[in-house]
Amino acid sequence: MKLIIAYIQPEKLTDVKQELYAQEVYKLSVTNALGCGQQKGFHKFYRGVEEEVTLLKKVRIEIAVNDNFVDRTINAIVKGAQTGTIGDGKIFVLPLEKCIRIRTGENGNDAIG
Amino acid sequence: MKLIIAYIQPEKLTDVKQELYAQEVYKLSVTNALGCGQQKGFHKFYRGVEEEVTLLKKVRIEIAVNDNFVDRTINAIVKGAQTGTIGDGKIFVLPLEKCIRIRTGENGNDAIG
Amino acid sequence: MKLIIAYIQPEKLTDVKQELYAQEVYKLSVTNALGCGQQKGFHKFYRGVEEEVTLLKKVRIEIAVNDNFVDRTINAIVKGAQTGTIGDGKIFVLPLEKCIRIRTGENGNDAIG
Amino acid sequence: MDETIINGINTVWVLLGAFLVIFMQAGFGMLEAGFIRAKNSSNLIMKNFIDFCFASMVFFLVGYAFMFGNGNSIIGFSGFLLLDAPNQSGIPLYAFVLFQAAFAGAAATIVAGAVAERMKFKVYLIYSVILSAFIYPVVGHWIWGGGWLSQIGFTDFAGSTVVHTVGGSSALIAAYLLGPRIGKFNKDGSPNILAGHNIPMAALGTFILWFGWFGFNAGSTLAVGDGELISLIALNTCLAAAIGGITSMLAVWGRWGKPDLSMTMNGILGGLVAITAPCAFVSPGAAIIIGALAGIFVVYGVVWVEKFCVDDPVGAVAVHGVNGIWGTLAVGIFGQKALGLAQEGLIFGGGFTQLGIQLFGVLAVVSFCIISMGIVFKIIKSTVGLRVDKMEELKGLDIGEHGIDSYSDFQLFLTK
Amino acid sequence: MDETIINGINTVWVLLGAFLVIFMQAGFGMLEAGFIRAKNSSNLIMKNFIDFCFASMVFFLVGYAFMFGNGNSIIGFSGFLLLDAPNQSGIPLYAFVLFQAAFAGAAATIVAGAVAERMKFKVYLIYSVILSAFIYPVVGHWIWGGGWLSQIGFTDFAGSTVVHTVGGSSALIAAYLLGPRIGKFNKDGSPNILAGHNIPMAALGTFILWFGWFGFNAGSTLAVGDGELISLIALNTCLAAAIGGITSMLAVWGRWGKPDLSMTMNGILGGLVAITAPCAFVSPGAAIIIGALAGIFVVYGVVWVEKFCVDDPVGAVAVHGVNGIWGTLAVGIFGQKALGLAQEGLIFGGGFTQLGIQLFGVLAVVSFCIISMGIVFKIIKSTVGLRVDKMEELKGLDIGEHGIDSYSDFQLFLTK
Amino acid sequence: MDETIINGINTVWVLLGAFLVIFMQAGFGMLEAGFIRAKNSSNLIMKNFIDFCFASMVFFLVGYAFMFGNGNSIIGFSGFLLLDAPNQSGIPLYAFVLFQAAFAGAAATIVAGAVAERMKFKVYLIYSVILSAFIYPVVGHWIWGGGWLSQIGFTDFAGSTVVHTVGGSSALIAAYLLGPRIGKFNKDGSPNILAGHNIPMAALGTFILWFGWFGFNAGSTLAVGDGELISLIALNTCLAAAIGGITSMLAVWGRWGKPDLSMTMNGILGGLVAITAPCAFVSPGAAIIIGALAGIFVVYGVVWVEKFCVDDPVGAVAVHGVNGIWGTLAVGIFGQKALGLAQEGLIFGGGFTQLGIQLFGVLAVVSFCIISMGIVFKIIKSTVGLRVDKMEELKGLDIGEHGIDSYSDFQLFLTK
């Protein structure tokens, strides 16, 4: 099992969700994030002071999947989030040792979906 | 060492914390999250438009533990968060290679607690 | 590749970012978090009721790095965030199996930076 | 000519008062919504709007007739839809109706805060129509419409009893029958904090109420005269509010170690409620004493209500109920014959006569409200049911009752 | 002496009205900002401030001259900078100018909501100066300045046409030419929810507008008299608002299953817009009917506008446009000779004469606004461009146009 | 009869003014709270409430006696607790006291913004009582109570000096002695952005202030007369505000490339402050010039204050201090004998006489405030200490001083 973490542009969330659904990945968790990378920041102005903002609004997605779902999940995220401009985001894949469904106590591959 | 990630219903946070305390797990980190899974969403209505909401409010807990604490931590979360209804949440366990306490620079098993 | 997760005091974020930049770590993601650990909480008062608050405001940083960057990244975070008082925070290091740049589809070590 | 002019000025004054009292609805809305959790704030404001919409409609249709119509000493019964409605106010009927309808709305809306975060919207509609169409006008008839309480000399200048005690005691019985919000009380009966989600908004509400209260009290003269009386009332109103804020802050600071803003605001409102009945009959010095005590009563009132595991999220019972009673009694203590009261108050040597009448009257009103509203709520409880279901309460009434969050773009963190 | 006193009172009344109408800008600002997304709310409020700043300046400089100056039946042309400005109001010139400038500001600001979240700030400045310096005063001249519509007997007491229809039809053409916000409509034309970010703030705005509207309508008498007329107007205003809230709530509840607060507030405003023209000429009973229908028209108006894929985030067209027309027609239906109208309205046996004039007049105004503002926007579109670029729209106009977020310390979750 | 009526009207007018000025407290509260960070906003509003509560109490107890009591040319000394208080206002004493107490509250509250986010609550209480019980009444006595400045012909119609310069210069010395907020300035003295947390709320505050300012200025006539003077004042007030908003927007736009809403609002307020002294003595054209310059002064004033590493989070010094002085001088430049000023202003050929007096007077007041408040703050600093400790400042004064967050349900992201 793997845990897939993706940072995407906020306005791409709906598209990514649709692509994931198309690949039968129905379960995911989302958090609000800020990110800083190659993407240029912008300047804030307030009461005569100017400041650079480098932390930009991003959305963080976390999806636990069985091994055979890893590639289609990654592809779906790329498909939904890619615009080809800097700032599109990153996907990270981590090994996942265990997965438990709280409701039932189920464990492992069954619990993921 | 393991990193335990759990998604639970927001209103269960207090209960989960109590169960963890009972198991002598005192350290944890919490973030706000949205989740989508088997749980049915609901419908929003606004100015004559209706829309389905599938991302529901969840709370994400992250706990780093030594190996011998993994099971009791999982059990405590399940005990605190389980209601038996869909949406209770998931627990994920990841391998954790290193843990450092910033204050002291301590490392490894000692740093976790 | 590793995924480094750090919890720090919110007001230390700017310092940590500066130290990371000094070490040529330019990419990171940030989320808002609450944490509970050795640090003492405080008491809320409202309309004649008193309550203890144990979940304190923290900032969570996530940085994916190549193996040769792990140490300097950790050191930079410690340098930026350390005050020597309880509550400075923790750093966790997780194995990272894959990293994909959404924009280009690039993979692995190149995609991280 | 002179008479036209005087009628004109008086109308301007009462209309200004009416506008201000109507604007108080915004104050109630912001205050109460700010004191509850984000997930229920649109629901509260919706109640706020709709109870005033209904109150002004039903007051026009039947309320005025019950209150000021010719009838007996219990209830008026002429002038429905204002047709041939009697008018002894000295100002144009429509101005008087508007002013009075605004008062009816205030009485209704006081309850909204006490039943917040758990009452079904439908139930709120039913109850609020009953209160503004019937309960409020009946009490109003007793005191301002020539009814039995006014006949025995009971005096309430601008409504500590008619508006605030009616609202506050209805709030008490409603909150009691409804039960506390999930998570408010622990098993041992000790209370938890369910903190207000937007204290600055509540503060704005308090300021608006303070502003509007000048219309409430000073407008109640229904006449400008040479300006002396309205000046006295305005100053008294301000001083009672100010000192109420100060004493409540000190009380809460002394007792719990921190000056709590939410209690301070309640103290200001408590001062305003308490000065409402006596504002025309007492000196500024007395107004200060009345307000000072009101501020303290609010703090202990809030704590005392929770002792009984009655959950009143905004302090409506302490502010409007307790201090409505206190203000009513204060007439009998600090009132002066020289300022137009029938008897001297207690401290001016008038003995307990007026005070006794005041006590009797306000208890009669409290009993009437608790009994009649109690019956109303009991009937609703056993038919429609009073509370939303548990899931809806957890998720919030904004989504549950109205379909949309109050703060769509914001990240809320709701673990209780 | 009497005359001085009467002048004094009348000035007090009109100034009070002016203050209230100016305060309505806060109402518009809070309402409209609350109904859009957080990322654009400072931009909206900036427009709100600046259009009123410009409106009061240009109305002083040229608007008054176009509206009330001596000229022909199309436009006035004397009294620029108020030098030798004619004044037939019966109150001091400066008070009258202030009152009228406040109205001009209201007309301008109505459009802000309809073009929210996508129009360039510069464009907004240009258009709003043109509207308050020229379009509004010209229509005003036709109806209130002795122009051709007033000559044929067209009657609009306090501005359902002059202010609201002007604002509403300009809003319609602006929103149409501008196109919808990104994400508002799906490819099949069905609408999505782009929810308002702060409903309590919008509610406050609605309360402020309600409060200010008393000044808008009752102040338009320009005289206090014996108080009867201003009382009638104030009561009518309140009743129409109240019933508008009730019927819109019921309509939306019946149709979609939940009582939507945002629609209820629009319904209240719709009632207020509709009663604006007839407020002095109709009985309270008629005001209730007018407001009741207004509440329903708002709900269906909002839905109907979206049918054409016109994106009006706050419902300006339905509230001000549709009900501006309805209110104007209502004069011809419910107006009474006994209350000062030239002809009896339709239901009082006056036939279709007045109604016909009203219909003709309001259509003339709608056409004029749509054509003239259409030309203005077309020219701007092909020169400066109307919309901010896509990236800016996604990121929000607060940052893009003004450099700073509205809610710096808050975590916003903006996925659309 | 006539006299009664006139007294009545005048009282109505002044009470309306008093209500509006009291409501300005809400404006200050919302504006200042909106301009600071979320974690300190309840603290700010608490100060706001309590300084007004104390101001109205102490003004009643001693302030009126110091200001309007019989005494010498430095201070009044009769009429404590209003017992046998002299009253030359021509309106009922209590109305006059309320109006003046509202002004005292405004002066006190101006400082709250400048010392926000770091001053101990206790210290604020002490200072604010001293200011409204003593500093303000003394200056008031000099100018409005028959004291030495009024004797030499110094003229301040509605309080550019008495209220705003007093508030602004006290704010300056307080902010200077207190030191900047953590993180405001870099080691090289360059400023950082500590952005306001709720710009829409600040905007509401600005609108409320604008609304209330009509009462502030036009109410200061204390009489309605034939309505001409109050009309002039009201129009001047509006125009100066409007143009102040426009010029400040243009200044900030030209200089930094974006029209900053927060500066635009400060510009509006700057225009209002500047027109306060001359509002009754100048023509609308002059009001526009005064307001236009005020808007520019605000922008450069804000930047200039920061040059000295003085941290004034809301711009109180630039708005009230700088423009209080400017408005005071403007009387000597644009004032007209025909409008009741003792001398013609500079541009009407009166030479530098009046201007010289104005300059002298305002400098005297600035010196008095800076010295006396400086001493007060120095004493407090070396006893109680002025600032909260570093940990509390980082965590926020809401929790630290009052025990509860302002926005409990919201996720805040506070990294500075």
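A, B, C, D, E and F are the chain letters, set down in written order, and residue numbers restart from 1 in every chain.
Criterion: contacts are C-beta pairs under 8 Å (C-beta built on N, C-alpha and C of every residue); 3 or more make two chains touch, one makes a residue touch a chain.
Every value quoted in this text rests on a predicted model; they were computed, and no experiment measured them.
Any chain touching chain A that also touches chain E appears here: B, F. Inter-chain spacing, taken between the CA centroids of chain C and chain D, is 51 Å. Inter-chain centre distance (chain B to chain D, centres taken as mean C-alpha positions): 45 Å.
In chain A, the residues touching two or more other chains are 31-32, 44-46, 94-95. Taken residue by residue, chain D touches two or more other chains at 2, 5, 9, 12, 16, 193, 195-196, 198, 204, 256-258, 260, 262, 402-405, 407, 410-414, whereas all remaining positions touch fewer. Every pair of chains meeting the touch criterion is listed here: A-B, A-C, A-E, A-F, B-C, B-D, B-E, C-D, C-F, D-E, D-F, E-F. The touching residues of chain B, counted against chain E in their complex, run 32, 44-51. Contact residues of chain E toward chain B in the complex are 191-193, 195-196, 252, 255-258, 260, 262-263, 299, 302-303, 306, 315, 411. Residues of chain E that touch chain A in their complex: 394-395, 399, 402-405, 411-416.
Note for the complex: chain F touches chain D at residues 1-2, 4-5, 7-12, 15-16, 18-19, 22-23, 25-26, 29-30, 33, 41-42, 45-46, 48-50, 52-54, 56-57, 60, 81-82, 91-95, 97-98, 101, 121, 198, 201, 204, 398, 401-411.
The touching residues of chain D, counted against chain F in their complex, run 2, 5-6, 9, 12-13, 16, 20, 37-39, 193, 195-200, 203-204, 206-208, 210-211, 214-215, 218, 224-228, 230-232, 234-235, 238-239, 241-243, 245-246, 249, 256-262, 264-265, 268, 284-285, 288, 407, 410-414.
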